[in-house]
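In the two complexes below, subunit A is the common chain; its partner is subunit B in one and subunit C in the other.
And then the complex of A and B:
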């Protein structure tokens, strides 16, 4: 190659000497980026659910909320580290003068194994996974616990409507799902045709509605309010229309609602038994 | 003198831009086709006919009427109007259209002729008249609250989409005409009912009798737009 075609290439910037101040070194700068991104991630973890999740009306819904917060907070420092190193590398260690030479970039310094870093990485990852596993198993166990005075509700999905039946109230069947507060509700879910997904959003539970199969899932209401039941499985032409309205009401209001919606065959004691949580 | 690499990259950049443009055009075409498929009917929209005002529960409402039928197959025509132009001739169908337009908060009186045979509903809950004035329908001149769930030809079942009246719901079961096959023998059941329309928006209606094919009778005409389903446009 003739000397006039030789293109000057920048040598990699020399790393600051070890005795340079920590925050002047790449590791220090990456640490600052990581710290800032972690703080942002943790703040997102605490505040984003207020905007992304609905107001939960059940114990299980609150557990979903708490799980979203926990996992986001746990993931924040990990994601911040990955993105922090990535962004810093892209900016500080990019190849300068790209396109000005046919010469390949110079090799970087050789990297050797780092036992301490490997152990730290494995331990931190292991702890995070174990925490998530224990948390998940505990939540799952609480959702499957049996409650003696639970309210049974039969849920039937059909293209493209939900219907709800109350076996303890003379099989009163309705299009809206009204539930008493402070009560464990056991949903027996099935389908008349194809697979649907029973998803009362604000109750924080979800299960498939399969034809010829009854699947059980439960939720314990703990807050008054309205909620929406949606279908979570793409079930056909009017899947997007397949929703129902619901509400968690006081036990007294629930008793009134039962009477008002045709539970005329019920005796007063029947209504009291179905609507009472004690 | 060698050419600058920057110039060599131009064709590559042009290719990327063209790819993005092609993808954007593709997405737009699919969206337009989807929208057209969703909200058009082979024979347009039937706009409800105004017939004056009426008092319902102490409220004076505009009174409008709609008239449509259900047929055992989509091949024929009624009064010179094709039931389902270009449709599958062997599928049962509503006709002459599946798109209806009514004013908001008006009394809508529907007159239907049900020409089809039928059978048992998957869910007997749909055998009850729901959401109409008085929760009744007039079938062949007789007021009824419900029909035999094992002798239903079709149902006219309307519900709102998210964003419309969440409580709006109309279900009218249409009794089957005698016969065990889906051939038009000329017999029909006359069904008349009235309901008060909800607020503005698009409401979906469909049949809840499994008159289709394949999965639980909900394939074919039950899963293809325009036969056993449609929209009620409340304006």
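And then the complex of A and C:
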């Protein structure tokens, strides 16, 4: 129990005098750590979504990217500050020689709080929340805005496949989702059996497919490319295999595709109406 | 309550050979006999009379499992006293001492024991066991996912394992701190002799014990294929395993409710003289606030599961849209329980970890009152955020804005916790013993969990990440990396008091580094999967996700190995460890002022509190938290150095 380390008086306060240059004081050093970690955090914020998210094919998908970047940039200084103070304390004020000791190091200073700092902390986090919220609400509003000349696609989930139909084109039914570029697509989603999650991954939107109700979600395509429709809600045995392929194609190619798949049932004007963006 | 003639130590009382009555013959064995017996009777009767009906098998499973729970409680003696009361008798003081374990040695851990310290240790063993089950299932999940189309598990077994892994971990994390330490430590911390309702306390543990076997029985009853969230109508159509799952949750919810009431009443009514609310150790606040939130959350779970059972056994259709119900009703009930439940899990371990930070920084808790206020603000807000789990369900798109507001507001009080931690660390005399290692790991992980939670709270980003592995990684960072690591910090902190031994820190630190690195590898792998767009709960996946999954699996093996090493350190230390002094950390709260092992009814002299337990670095008179002039009497056991005067 007894230890010769049992020094009961705290060593001279490790804080240099107030007149010391800023960067040799703890606050100055923490500022530098904070700055470096913030920069790293912001770089991660740009790198991770850019390199890890798939190539997005819609306005909403682009908003996912922008939201992740913005929120990382907002969060990075806060996280860097917490890490900076926490780990600076560990490095600078760790009481060496006590790691194995049964005697505690001498007590630290009895700082029980600082109302100015607490209020500042609350104000900063409040401001960050307001920024996040305004951004989120604005994005939400633009994603829910109605667009003229949108294309309706009906989506039906069942264990364990997706069916897509194009009501404007004689209810043409397909197993893969082909969409024209530069067009707002309104998905009307339902299920034949249990709850599924309709998730066209590269369009950056999703909504559950529920039995006996129709849910809607819209996405505005803005880039050509292939995408995958996945199921995002556990739906039983072969949930893993519930996916479909999709593609965003030019309006001309879309018209051709409609013809190829349902030409007999469609009139030329039907196809022209469904496949053209205004 | 105790008579003046009582000897120095209550547990040395000589009881007559009739003390305890029937209870003398009851223990876990009679409990198991009762449970299996009544379960079998329930099975036989329901099989005879109900099997033919439309929902026969579901009825049989429900009745059998309910029989198991009630039979176990009857067999272990949980209802002895109520039955006596109904017959117009009462238990004598001697009976109550017997019930508290007097004269039974280690056998009392296998009985319906009312001593809060015995219940605490029982909870501790139960938590380890359930974590062992949940962790093993997690390893099976990660092994399946090491390749894109592994044949290790079938699709049905995979879904069953995912469901039970989720539920087992939720059960274990809800009780991991309030069970062991809410029972063992809280009464001593506030200066009480026991919990307010010792019989209910024992009942809450044995209800938990009864709840676990039905959960494991799901594997032989067809498996729950709907995940731990059991979204309807899939769960309504699920195999009979779902009935056993529902009985588990009902039983567990009753257990949590009883335990929560007990903790709240104990702290509110049984504090020692001078233990004002301003002097309450912050862990006590956390245990009370978390338990209070549990009282809000658990009824929703019970109501939901009762409706689920009636949907399955009697053809009501609360959750079946095809016949007039709504799956969204289930989702709402579930998340009205489910989001508060996250904070039921989180707040007690975080508060316990703040005790660790204060003790090992040798500084008072920074902004104590603001932090307690933040806990209260968190639980107030947490009952208004549930629909953020339903942003993409299509249930009420118009409510996405309001729920985004409440969800993001909750990050303000949560941020206060960080202020409290770093404010306490600032200029502290950091004493790098094992509990502090885990507290730092909490700080590291919980920031990552918090930041990634912000993405999910913002609807435009959630529209992508919902239901994918990003969510899985996020909540594992908060619940494993945050809550569970904080609970490990608390465990290492109180281990000497609970076991009477010092934890082997050399092995403990090996475990620490394995766990710390394992968490980062595992869940960064899962974040990567989530960014790439891999859905949750899939047994087979697109090979584009292969590398991220392999990373997560490697990390998960390291993580599990770390916990196994930690378990080895714990068992080794519990058996062979250095005997612990009464106050190894030189802390100031009351649980360190009593001898180790803690005597029955805890205090040899009733404590009088004159200050809060955080007087580090303050002038001496204000420092001692405990009573004046008390000479702790060493406890008879030769292997302890108990009663070290403080």
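Note that the second predicted complex is superposed on the first by the 256 of 278 C-alpha atoms of A that agree within 3 Å, B and C clash if a C-alpha of one lies under 4 Å from a C-alpha of the other, contacts with A are read in each partner's own complex, and residues count from 1 in each chain.
Methods note: a contact is a pair of C-beta atoms (placed from the backbone, for glycine too) under 8 Å apart; a residue touches a chain by one contact, two chains touch by 3 or more.
The model shown is predicted, which means the values in this text are computed figures rather than measured ones.
Once both complexes are superposed on subunit A, the partners subunit B and subunit C clash.
Of the two partner chains placed around the shared chain by superposition, subunit B is the only one that A:175 touches, whereas subunit C remains out of contact. For subunit A, the partner with contacts to more residues, out of subunit B and subunit C, is C.
In the superposition on chain A, A:213 contacts subunit C only, with no contact to subunit B.
With both structures placed on the common chain, the touch criterion links A:194 to subunit B and to subunit C. By the touch criterion stated above, A:143 is placed in contact with subunit C alone, subunit B being left untouched. When the two structures are aligned on the shared chain, A:236 is found in touch with subunit B and with subunit C.
By the touch criterion defined above, A:102 reaches both subunit B and subunit C. Shared-chain residue A:158: touches subunit B; no touch with subunit C.
Contacts of A:245 after superposition on the shared chain: subunit B is touched, whereas subunit C is not. For the superposition on chain A, the stretches of subunit C under consideration are 37-45, 91-99 or 145-153; the one running into subunit B is 145-153. Where the contact sets of subunit A with subunit B and with subunit C meet, they give residues 99, 102, 193-194, 211, 228, 236-238, 240-241, 243. In the complex of the two chains, the subunit A residues touching subunit C come out as 1, 10, 14-15, 26, 48-49, 52-54, 60-61, 63-64, 67-68, 71-72, 74-75, 78-79, 81-83, 85-87, 89-90, 93-95, 98-100, 102-114, 117-118, 121-122, 125-126, 129, 132-133, 135-137, 139-140, 143-144, 189, 193-195, 197, 199, 201-202, 204-208, 210-213, 215-217, 228, 230-241, 243. Residues 2, 4-6, 122-123, 125, 130, 157, 159-162, 166-167, 169, 204, 206, 208, 210, 215-218, 222-225, 229 of subunit B are the ones touching subunit A in the complex. Considering their complex, residues 155-156, 159, 162, 225-227, 229, 231-234, 237, 321-322, 327-328, 361-370, 392-394, 397, 400-401, 404-405, 408-409, 411-412, 415-416, 418-419, 421-423, 425-433, 440, 443-444, 447-448, 451, 454-455, 457-461, 463-464, 466-468, 505, 528, 531-533, 535-542, 581, 584-586, 614-618, 641, 644 of subunit C touch subunit A.
Residues 5, 99, 102, 156, 158-161, 163, 173, 175-176, 192-194, 211, 228, 236-238, 240-241, 243, 245 of subunit A touch subunit B in their complex.
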